[in-house]
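The letters A, B, C and D name the chains in turn, as written, and every chain counts its residues from 1.
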Amino acid sequence: MNALETLRADAARLLGEGRAKVVIGYRTRGKKRAPVFITDAAGAGSLVYDAACRQNLAAYLRKPEVRTLLPAALVASPPVMRSLVLLAAESQIGEEDVVVLAVGPASEGSGEWRYHGALTLAETARLLKEKYALLAPRPELLDQIQSLAAVSVEERAAFWHEAFAQCTRCYACRAACPACYCTVCLVEKNVPQWISTAARPHGNYAWNLIRAFHAAGRCTGCEACEAACPQGIPLMLLNVLVAEEAAEAFGIKAGYDLDAEPLIGSWSADDEEDFIR
Amino acid sequence: MSGNLYEASVMRIAAVREETPDTRTLRLEFADEAARAAFSRAYRVGMFGLYGVPGAGECALCIASPPTRDRYVECTFRRTGRVTAALADREAEQRITLRGPYGNAFPIDDWRGRDVLLVAGGMGLAPLRSVLWNLLDRRAEFGAITLVCGARTAADLLYKDGLAEWAKRGDVKVTTTVDPGGETAAWRGKVGLVPAVVEETVPPNQKGVAAVCGPLGMIKFAMPVLVRLGFAARDVYTTLENRMKCGVGQCGRCNIGGVYVCRDGPVFTLEQLRKMPAGDL
Amino acid sequence: MKIVDVDKLSDLAAALAAKGYRIVAPVRDGDVVRLKQWKRGECVVLDAFTVNSVKDVLIPPSEVIGRYALDGDDFTPEAVAAEAPKTVVLAARPCDAAAMAVLDAVFNWDFADTFYNARRAATTIAALACRQADEQCFCTSVGGAPDSTAGADIILRPADGGKRLTVEALGEKGEALVAAAGEVVQEGEAAADAVAEVPVRFDAAALAARLAENFESPLWQTLSLACLGCGACAYACPTCHCFDIQDEGTRRESVRLRNWDSCGFGLFTQHAGGHNPRPDQAARWRQRVMHKFLYFVERFGRLACSGCGRCARLCPAGMAMADSCAAIEAAAQKAAKR
Amino acid sequence: MSPQADRTTGEKAAAGQPVGTAFEPRIVALVCTWCTYAGADLAGTSRLRYASNVRIVKVPCTGRIDPLFVLKAFEGGADGVLVSGCHPGDCHYTSGNYHARRRWAIFRRLLEFTGIDMRRLFFSWVSAAEGQKFADLVNDVVEKVRAAGPFERTNPARRRP
């Protein structure tokens, strides 16, 4: 059996054995991929997986309607696996809630993929550490961050002003992100109103910054937010900037450790403070 | 029609009354006589207004004063969110804004010659207060008038002065009730949920009209009681209090099925209510 | 017949700009093509689907509808005028133009909205008939067509294999625009290109009847399971018009803003008292479908969908209005057979 | 009032002085009540002179200083922001300043990357005994922001009506 056939067979078996009430995976929708929720073993044949599957399905685990269907088996690429480990570390899901149908690249840049099997969260964390410990952001992103960091602060302000000006505040970025699971988002709290909800420059600036900040040490690099943004705002530049800082300054990479302490919310006596006088 | 429909009238707060620990009534007077006259011409009992505090926003509230007393407008609100908190922080002689009146009305002209039962729970007394005053100001035109009104506790009853005044008049029968546990040592009213008290105190074979306002749960339980008492579905009225922003049928959030509460309501009959999708209420 | 060369579109835009028009046209912007204020030198993109619709021109995402000078607890209202520069939307899609009727109906129902109407009056829509459709297009299912002239002031039709556009003014605004264009638009002959073929996905009239019967259907739960509850579809939609009103400002000044809002958000209907009439995404998705294909029809006699397919193109969760409509119809047919 | 006239008053207020005179920076200082505020107090009671451009916002602990506070200050037109609290180990709530330190380290990177000049954002530890340090700090901050110039035009967070 090839990878896809094994994946489908596992999905059918989990549903048949009652180990999962729903399989959340990808199906074909024209030239695109869409999520599919399979509750009947006979439906497992509709599962597909390839590089076009950019949505992070772990985002569904916060949805009340989906939570009634737990335990769920979830098709997960390495960044999605990291999201699942992060959600477990943050007590959003339990070991018994999820079976991970782990998929990953067969080899560097080949476009081919392989199936690692149906894993528990603990096995997923182990797989991540063994096989995907060196997951790095796309080099283009790092290049872009570097070149933006090299220009004047006014030029950066102008770049982001233009980028954020397109934001309509549809919150697709938030919806697509598994780490954004607050039932009431900060931007929806209006007594007092901290962040303007109007699609105007100051509110857009505050929203996009705070969204990235709240994902600090939690973003797993899946790029679902950027893929979700209808306006093409380069959100990953912010996410990667923060993730790199989290890794370099505090040694924290999100979603590898089921017992990880959160970056914001924990501290060390010898954290960097050369910027403090 | 021309002009910015979001331009509101400036209102002076003539008086502030504490109704309950978290509920207040503001008596508002128009800063502009032409605006007052226009409001008075349009206002029928049951319509609502959008009360605004610049800097905080606007919120939709019923108009708690009747059209028969058109020198002022009263609104009663509980401090709940951003706008009601700002309204609650305003004091007498300060100013707020008002848009409206919007929506439909209780067809009280059609009620002439008939008995009227008003059933209110909690904040639901606010819209029925304007109905009651309107009926009382035109007392001779209507049959027997009965008010059954309840609150969670004795302290939560609105319009204590009004209740006392109505009880004294003799031309309206007033029954008050509090939820079990909400009574005090001095409480002389009933103890029990409003629908049960209605069933207990209102005689059967009713031929008149009834208006019910209060929390959705109370309305749902009161409706079958009223039907059992003989009220026809077309004679039972209620008001729906959906979230609103524009008040004029454009912002799209007050829909229940195809009904726009701001425009087709807020007053509906039980007959209309039955046609609405229950899952959207 | 009047003709303009496709490679002269920038000249056309420049000529109109010289006559005082603000030009809004599809231009490339990073990875996307959007309707945006055209700047000299920019290329007008004809063969792409824009991420935003003409709605943006008529109802901006955020707009000042009130202004107050604040002084402690007191205030002074200030007059607000609509910003309504003379604008032409060049090469809008016919589905966007068709959506104007929906917006016109809402904003002139029993109250007329000054802001919308001022911009509507100042805007000329030059629609471009579609040579190509994609798999998300479904204008033909909702009474439209890839070369529909509904709502347009001018219709541009591709001709001579996409090298030229024929120009037909459809009313006074359109004629004024052609006159303003001057020499760029010339008399000539051109062979019309074939318009796009857009297959009919569902029967909208039958759908309305199905919807009326199926408010309580379990299908809503299934159809909405993938929905993540963002506003991408509503904000991209040329007919969606729901809005929020918010005050914000400083201690000295406050503005009252009308901001886009979406029935997909949980807060949209949340009562102050805590009750939410639409507590889950199934109820919200049902509202979205029902409003477009049943409630709006009952109220205004027309569909609140023009079949542009943006919602499906942009949904981060692979949802599609046309899929839902087709699924409801299919389910109803299946039920009828049994 | 026309929008034009309004903008003018906005500028006046932002610079805290009539148009036409020299630029006086407006600084918001977010400080904890136990250390830096007490330090500022000591500077005052010791009659130390320091620039009057600082508006102090006192919070219980630096741990309470949400990055939003910094954003809000810039949004409202601050030319510079100073954040200050207890030295490491001195927090009256044991670890509030350690938590804060991490937040700032991350958030300042975001601000810098999106166009807020780090010559306008300052972090420091000032204890209750360091009245002189507070006065020197404020003077230095004011001079640096003065050198950076008014933030009105290029401030990406600025609320514009």
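What we mean here is this: a residue touches a chain if its C-beta (ideal position, glycine included) is under 8 Å from a C-beta of that chain, and two chains touch if they have at least 3 such contacts.
Keep in mind the model is a prediction, meaning the values are calculated, not measured.
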**Q.** Comparison of A-B and A-D by number of C-beta pairs in contact, larger one
**A.** A-D
Q) By CA centroid distance, what chain is farthest from chain A? A) B
**Q.** Euclidean distance of C-alpha centroids - chain A vs chain B, Å
**A.** 48
Q.
For chain A versus chain D, what separation do you get between their C-alpha means, in angstrom?
A. 35
Q: Let me have the rounded angstrom distance from the C-alpha centre of chain B over to the C-alpha centre of chain C, please.
A: 39
**Q.** Distance between the centres, which are taken as Cα means, of chain C and chain A, whole angstrom
**A.** 31
Q) Which residues does chain A have that touch at least 2 chains other than itself? A) 193, 196, 200
(Q) Give the residues of chain C touching no fewer than two other chains, as numbers and ranges. (A) 244, 246, 249
Q | Set of chain D residues in contact with two or more other chains | A | 159
Q | Chains touching one another, given as label pairs in label order | A | A-B, A-C, A-D, B-C, C-D
Q: Can you check the complex and tell me which residues of chain B touch chain C?
A: 1-8, 10, 53-59, 80-81, 84, 89-91, 94-95, 97, 215-216, 241-243, 245-246, 248-253, 255-258, 263, 277, 279-281
Q: State the interface residues of chain A toward chain B in the complex, per the touch definition above.
A: 190-193
Q. What residues on chain A touch chain C, complex-wise?
A. 29-35, 37, 55, 59-60, 63-66, 166, 168-172, 174-176, 188, 193, 196-200, 224, 227-228, 230-232, 234
Q | Residues of chain B that touch chain A when the two form their complex | A | 81-82, 85
(Q) Could you list, by residue number, the parts of chain A that touch chain D in their complex? (A) 145, 148-149, 153-154, 156-161, 186, 194-196, 200-202, 205-206, 209-210, 212-213, 216-217, 237-238, 241-242, 245-246, 249-250, 263-269, 271-273, 275-277
